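Sending over a structure as structure tokens; questions will come in a sec.
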Amino acid sequence: MFVEFLWVLLLGSLLGFELIGKVPPTLHTPLMSGANAISGITVLAALTAIIKAGDNTALLLLGSVSLGFALFNVIGGFLVTDRMLAMFSRKPARKENR
Amino acid sequence: MFVEFLWVLLLGSLLGFELIGKVPPTLHTPLMSGANAISGITVLAALTAIIKAGDNTALLLLGSVSLGFALFNVIGGFLVTDRMLAMFSRKPARKENR
Amino acid sequence: MSDLLKYAIELAAVLLLALGIKGLSKVRSARGANQLAAVAMALAVAGLLLNYLSTSGLSLAAWTWIIAGTLVGGVLGAITAQRVPMTSMPETVALFNGCGGMSSLLVALAAALYPAALDATGPVALVSIVVSVFVGSITFTGSIVAMAKLQGWLSTPSWMQSKLRHVVNIALAVAALVGAVEMIRNADSGTGLWLLVVSSSLLGIGVTLPIGGADMPVVISLLNSYSGVAAAAAGFVVGSQLLIVAGAMVGAAGLILTQVMCNGMNRSLISVLFGGALGAGSAAGGGGGEYTNITSCSVEECALTLEAAERVVIVPGYGLAVAQAQHTLREVTRVLETAGIDVAYAIHPVAGRMPGHMNVLLAEADVPYEQLKEMDQINPEFPAADVVLVLGANDVVNPQAKSDPNSPLYGMPVLDVQEARTVFVVKRGMSAGYSGIKNDLFELVNTSMLFGDAKKVLGDLLVELKDLGLGKK
Amino acid sequence: MSDLLKYAIELAAVLLLALGIKGLSKVRSARGANQLAAVAMALAVAGLLLNYLSTSGLSLAAWTWIIAGTLVGGVLGAITAQRVPMTSMPETVALFNGCGGMSSLLVALAAALYPAALDATGPVALVSIVVSVFVGSITFTGSIVAMAKLQGWLSTPSWMQSKLRHVVNIALAVAALVGAVEMIRNADSGTGLWLLVVSSSLLGIGVTLPIGGADMPVVISLLNSYSGVAAAAAGFVVGSQLLIVAGAMVGAAGLILTQVMCNGMNRSLISVLFGGALGAGSAAGGGGGEYTNITSCSVEECALTLEAAERVVIVPGYGLAVAQAQHTLREVTRVLETAGIDVAYAIHPVAGRMPGHMNVLLAEADVPYEQLKEMDQINPEFPAADVVLVLGANDVVNPQAKSDPNSPLYGMPVLDVQEARTVFVVKRGMSAGYSGIKNDLFELVNTSMLFGDAKKVLGDLLVELKDLGLGKK
């Protein structure tokens, strides 16, 4: 199992390095914020913890708080990124209308 | 096991797509030839077949022929690519000498 | 749910996430890419829940706690995202990021305290827990400190600006290492765990606190990369490739973005992290007294000059953003436009405190896209401009960057505002900008200073312009 | 050898291979990247051997067969690589590629025949074997056909250019599918396997044979991508992630490269694969008779004009490459240079039959790098040129591409040679180029045709120039 994990870790990292090429400065902030929302993928870990907790209340609590934090990150992050990008995307449309 | 294979297949493909961005036409031929040499990585499969063959001569023979073909591809491919690229790399050096 | 379906969902989610990150780096596709990533995330969550539902099932308790966590986190997140003003983007991203780190930290704590329940036993899980706790703690406290500094809730204690902080931080790092080793050697004892949590939390504070507020976007981007690492480590803990890949991608992409940002502002990552607040001394000492030959003028004079102009270029900077003056600015430019004056905005790539911040702010104030000109596009046009209005910008219009090879700014591309016929600089006083150095522009004969808060000055200007009869058709 | 070391080697090899592929796409790093990839490959092989040596050990028989295969394959490969002329690069790459496909095919055959020995049992292994056999066979026969066509050993039978070939190919594909299903349903029966091998081999021939020789580089690039897929499938068979990742990377990168090449020559992949030989009809019918107002001239006239020129631009094309005239050309330009005439070469990105081919050929003939001008760089310079010498180029100098929206070439960027004072076009007759269409350039008043094989004409030109007293100091 561990080796397979290392494989996906290596490949995921290489992919991450390649995915971001030339980002125009205009997009630095939204990109940061969008990537940040993706890092909230820990929701999955939090959910797993809750589901596997059985009737261990401490574990349920830890998992639930973790889930709350993660979702705060995810939902807030995606929404705020969308708000920012909505402002950009209004513009090209206008430009084409001219 | 199979799932881990699918993971590395997916990630490897994505990585391959990303690695090649804008290739100047000058490099199309060497890039094709170099990538082709890398696809000769089947040497590993051929070696595995020979090693695991035990005293099964048919298998040894199949593996050995496969190894020969693969190495023809690998060694020939890398060398011919190097020959081509050597011609390019002479030039920037000259340019700097001016 | 069959295993095949489960894996297909996971693979599809990773594919969509990768496409999302890729798309976010192009203006055209960015918004769709963000939504795609959100869909991918929802898909991953749905896949996980369905998988457990169809195998072991979910207990009532689990449901309760899941719904509780979801409601609280989701609703708070949504509200924050809607309410927060565009000027506070850096703080907001820092806050979200810190919460992501906290989430990884809590999962790792859960796994450390109840390894059996989460199948997190064995050396690999242990090491992953250690990494997750360490990185998660640093991400959390670091992000919160970054946020507090950006909001102005915190300032750097003076000893933190001395070399002493390096000693303290090294001590904290060593303590964290000791805790980590202790945890791995003796998994059952809680001492190692708590030592690690406490010392890495403090380390996060100690590293972030001395960094100047203006360098914060870089730090946030770096911490964002860390939160990816923390997520990948959490993936090792709970045994999920999806988490590992997504975390690794974010971690790597964040690192690249950090580097790109540093390049854009002519700064190295090392100097951001270990250099402390840039120019903190020189700004106070050198910024104020050295100027001679300053021409200052009144709002009336400025209004009269604007009225007579045909071509006006606006140069917004950090000061405009902190003064939240973008809407007032838009009203002023509307008045100028109705009077037939040609208006353009010169957007320097690192104007403000966050890359792309100016674009967002002006877009929010409904400035038409065509009027926003990038540096390379507008620089040749300055000689043809009658009036340049510099609003709370300083470094990005400093001609030293081109003329003086000894200047710390040397080499940074700047806006050539001095080429215009008349330049008005709106700022509160003579204090320096982010880099803490003197600006030769202010002493040029065609430059007039207009002192005051940007929002207030623009408001006054609006009144004056209307008094002059502009803006009515 | 510990497992950890084994995995570390594998991971390092993949990392280096990825860096190699990335580096190969930039001129600066390409050579180093190719060497890096070779090192990675050696590392992977060494890792595998060491791993088996330290665990089960290698029998004498295994060593013998390994050394035999290595010697034969390696030595032949090295000799071929050293001996082959630069003009035959496309054929050579096709040959190497075909051998890679054959290697995957043989491994898959071995696994199909002796599944127990290679641990290749179960449905996953079976499907992988099927894929590997199918793709490996197509790669092998397709590449060999491509090579033979490029070498001129094969020409397309006429029925292959009719629609009938689609029927035959579909029938072969169906047969392959039947074989595959039979193999999976009944692994022990050999019928399915042989049906699959034979029909997919024939399919490889049937698909490649109708494709025009000029489209071959695209086909080779596509087959190269296939050989990556075959390697990945072989990885599934023997259970090696390294093989899967490397194969997948090559497969994906090859696909992108194929697309890039198609874009460069204004052609779609679909039309390359299913369109058959482009313009086979129109080239014969339309190319010859339609020209009026052709001015033809002798080698002497050309030499006299060259002698009087100050600035000469050489436009090499496919004809120069087939005539292998690059060395003679270099001698001619040497003579011109010693006479103080300024010489430059205009390199169109798809001049010739393989992208970048012209650069390689001219570099081989020792043309200085500074004289090779890319299209965008040289186009504005044509009006200042006294003489343009078009050597076996046709489509890349066709002004229709810019002037006539109905032309099939319309939109392809071309070299604006007609802007020069005098244009000499060296070709054997009036037949059309790759696209099969008429070239308006040949009818312009400032164009003179110089008929003959490029090498011969250049040789004659050299004599004439020397007779005129050029080239001696």
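When the chains are written out, they are named A, B, C and D in that same order, and each has its own residue count from 1.
By our rule, a residue touches a chain if its C-beta (ideal position, glycine included) is under 8 Å from a C-beta of that chain, and two chains touch if they have at least 3 such contacts.
Computed from a predicted structure; not experimentally measured.
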_Identity of the chain that, by mean CA position, is farthest from chain A_ = D
_More contacts between chains, B-C or A-C_ = A-C
_Chain centre separation (chain A, chain C; CA means) in Å_ = 16
*Distance-wise, how many Å sit between the C-alpha centres of chain B and chain C, to the nearest whole number?*
42
_Please tell me the distance, in whole Å, between the geometric centres of chain A and chain B computed from their C-alpha atoms._
35
*Distance from the CA centroid of chain C to that of chain D, rounded to the nearest Å?*
47
_Sites on chain C at which at least two other chains make contact_ = 18, 22, 241, 245
*Which parts of chain B, given as residue numbers and ranges, touch two or more other chains?*
4, 7-8, 10-12, 14-15, 18-19, 21
*Sort out which chains touch which and give me every pair.*
A-B, A-C, A-D, B-C, B-D
_Parts of chain C lying in touch with chain B, wherever the complex brings them together_ = 3, 7, 11, 14-15, 18, 22, 241, 245
*Can you list the chain B residues touching chain A in their complex?*
4, 7-8, 11-12, 14-15, 18-19, 21
*Over in the complex, which chain D residues touch chain B? Could you list them?*
17-18, 20-22, 24-28, 30-31, 33-35, 37-38, 41, 44-45, 48-49, 52, 56, 58-59, 61-62, 65-66, 68-70, 72-74, 76-78, 80-82, 84, 86, 89-90, 92-93, 96-97, 99-100, 102-104, 106-107, 109-111, 113-114, 117-119, 124, 217, 220-221, 224, 227-228, 230-232, 234-257, 260-261, 264, 349-350, 354-357, 359-360, 363-364, 368-370
*Parts of chain B lying in touch with chain D, wherever the complex brings them together*: 1-2, 4-5, 8-17, 19-56, 58-92, 94-95, 98
*Of all residues in chain A, which touch chain D in the complex?*
3-4, 6-7, 10-11, 14, 18
